[in-house]
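Sharing a structure below in structure tokens format, with a few things to ask.
Chains: A, B, C, D, E and F, in written order; residue numbering restarts at 1 for each.
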Amino acid sequence: MSNPVEEFNAYRAKMNDKMMADNNKIVKRIFNLDTNAFAEGALSKQTKEVLGLGNSLVLRCDDCVKYHLEECYKLGMNKAEVVEAMSVSLLIGGTIVIPHLRRAYEYWEALEQNKS
Amino acid sequence: MSNPVEEFNAYRAKMNDKMMADNNKIVKRIFNLDTNAFAEGALSKQTKEVLGLGNSLVLRCDDCVKYHLEECYKLGMNKAEVVEAMSVSLLIGGTIVIPHLRRAYEYWEALEQNKS
Amino acid sequence: MSNPVEEFNAYRAKMNDKMMADNNKIVKRIFNLDTNAFAEGALSKQTKEVLGLGNSLVLRCDDCVKYHLEECYKLGMNKAEVVEAMSVSLLIGGTIVIPHLRRAYEYWEALEQNKS
Amino acid sequence: MSNPVEEFNAYRAKMNDKMMADNNKIVKRIFNLDTNAFAEGALSKQTKEVLGLGNSLVLRCDDCVKYHLEECYKLGMNKAEVVEAMSVSLLIGGTIVIPHLRRAYEYWEALEQNKS
Amino acid sequence: MSNPVEEFNAYRAKMNDKMMADNNKIVKRIFNLDTNAFAEGALSKQTKEVLGLGNSLVLRCDDCVKYHLEECYKLGMNKAEVVEAMSVSLLIGGTIVIPHLRRAYEYWEALEQNKS
Amino acid sequence: MSNPVEEFNAYRAKMNDKMMADNNKIVKRIFNLDTNAFAEGALSKQTKEVLGLGNSLVLRCDDCVKYHLEECYKLGMNKAEVVEAMSVSLLIGGTIVIPHLRRAYEYWEALEQNKS
């Protein structure tokens, strides 16, 4: 039986490995920066993940939304917090964001079911 | 002598008044939602303003960036916090964001000078 | 046998219900505004649906395009009218719109086959 | 005294002439298509201009918005119609569109003052 | 067994035929320009395909990326060249481009396997 | 008398200095990567600058377009080459790119006049 969370992460990991194996300096450094950028700093890790989620939502990138939803979930954020953040991004990004919000809700549900 | 903060706010207020005077229901409700969306809720007002700033930066809207920078400033955020948030958005949004980051730095400076 | 029109609408309705059940004020009001925005007003409902279709196409949102195509279809617009509107948006939005235009054509065909 | 409508059109005309003088085939044909695309066809010229205005607004191009506002104005559309179209695009495009809406209001006012 | 390259091209060809059959003048001319734009000229065909690939990547259009990857592949470009071009676009477009880069790597692999 | 090329570069240099002085790690590394990305590699520096120009044009960033136009100019590219590259990006990015193309033409002219 398919598990959307596992599927997403497996594909992501497999392709990231291939990209890293390639040794292109720019690609590797961007990936490295990506890890650094979301570490605790002047702002909390949670604030940064909310920011990453919101930025991904207004830029309408489903995979990026999934990734940050999962990080928010792992940090213990509850659904009300995540939905509130996404509602701000819906307002800023407009109704064009709605289809991505549907898929975000679906993935959040998958995260909750995956855990149980 | 021109003051960029006052100029920005004066133009914004003048045009917002004209839009509100127009009584278009959709426009008025969107403006009303805009106020609600950034109120304290499941997330703090500050987290939401950081989110608003980041969303505006990756969508590359200078006026929106200015508005949220000013809100962050009024909430007492320091430059390190604001720059860290913007650095995450620079990474997500790419180097295409750099010219907007320049103008954001310039406006933050104007906010600091305006106060003193 | 799968029916793309029914599938699209079933998923859309299911997820919209979940979002509405959530009682986030911003999300609910945006959905409510969405209904109001496309009602007959200073402009005809058809003009507004053409506008919704075009905006969705240049913003390259396949699900939004499908939704407005279906509304245009229900309002009795013919293919020549819909294609002409989409051709304007193709020109404004550029060839990057072409893959979305392919899927729009496919969905229009599904709408016509669904009816018969 | 500066006239924003005349200034905009003078710059636009001057630079378009330079681009046409350059004889790049793709550029010339795109410009030519641009004229054709907004001619009366299966849809009325007015519907197409509303579409052009809305597409320009959600893509957040101030100069394109100005151009289509002027075309709508010349076709005799009233402010209520134009504002209603823009309100739909504000909803679809989100609050990130607001600064562009401010400038659109300002230009519409300039169009009205230019005439009198 | 499914072949991603053949599937992509079959769908693309089928839908392009339907669009051409429709005789909308704007759509046909845009398609015609598309062919002309990538012909050898002041710049080499390869430079133009690299440009088409990069533009598609920062605009985040998977189908457009696939199309230009295939053209680059047919022109004999090697993986290092293609990856370097994509790394520049990743930097300009930001980490929001990463999911599209994953799918680009996957398609390049499919192109190599398809040949053998 | 104002010189658009000098003005642009002076502002750019001044603000870049302020950003670098700030010691945010992500910002500094992105700036550093930006320099690396356009160095000679598997692709020529010129091909990469054409790519940078095109990416900036379809993402509609005037300052980025100016920067890459100047780099192309310094590499000795002629106007026909630069215009051809921009015409491909106009086609991919659509007529929404036209106002940015006007400003690109204007800046190219300024580059030529600045030299003489």
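Criterion: a residue touches a chain if its C-beta (ideal position, glycine included) is under 8 Å from a C-beta of that chain, and two chains touch if they have at least 3 such contacts.
Here is each chain with its UniProt name: A, B, C, D, E, F = Alkyl hydroperoxide reductase AhpD.
Not measured: the values here are computed from a predicted model.
Peer 1: Going by the stated contact rule, which chains contact chain A and chain D alike?
Peer 2: Both chain A and chain D are touched by B, C, E, F, going by the contact rule given at the top.
Peer 1: Over the chains that touch one another, what is the least number of steps taking chain C to chain F?
Peer 2: Shortest path length, in steps: 1.
Peer 1: Same or different for chain A and chain C, where same means more than half of the interface numbers show up on both copies?
Peer 2: Answer different: the two copies use largely distinct residue numbers here.
Peer 1: In terms of C-beta pairs in contact, which of E-F and B-C ranks higher?
Peer 2: Between the two chain pairs, E-F has more contacting C-beta pairs.
Peer 1: Please work out the Cα centroid separation of chain D and chain E, and write it as a whole number of Å.
Peer 2: Roughly 31 Å, centre to centre.
Peer 1: Distance between chain C and chain D based on Cα centroids, please, to the nearest Å.
Peer 2: Distance between chain centres, rounded to whole Å: 24 Å.
Peer 1: Would you mind pulling out the distance in Å between where the CA atoms of chain C average out and where those of chain E do?
Peer 2: 27
Peer 1: Of all residues in chain C, which are in touch with two or more distinct other chains?
Peer 2: In chain C, residues 25-26, 30, 33-34, 37, 55-56, 58-59, 64, 80, 83-84, 87-88, 90-93, 95-96 touch at least two other chains, as defined above.
Peer 1: Name the graph shape formed by the protein chains and their touching pairs; answer line, ring, star, complete or other.
Peer 2: Complete.
Peer 1: Name, in rising order, each residue of chain E that touches chain A in their complex.
Peer 2: 60, 79-80, 83-84, 86-88, 90-91, 95-96, 98-99, 101-103, 105-106, 109
Peer 1: Please name which positions on chain F make contact with chain E in the complex.
Peer 2: For chain F paired with chain E, touching residues are 30, 33-34, 37-38, 41-43, 47-48, 50-52, 54-56, 58-59, 64, 78, 80-81, 83-85, 87-89, 91-93.
Peer 1: Along chain F, where are the residues that touch chain B in the complex?
Peer 2: Touching chain B from chain F are residues 11-12, 15-16, 18-19, 22, 24-27, 30-31, 34, 55-56, 59, 61-64.
Peer 1: Mind listing the chain E positions that touch chain B in their complex?
Peer 2: Checking each residue of chain E against chain B gives 58, 90-97.
Peer 1: Using the touch definition up top, name the residues of chain E that touch chain D in the complex.
Peer 2: 25-26, 29-30, 33, 36-37
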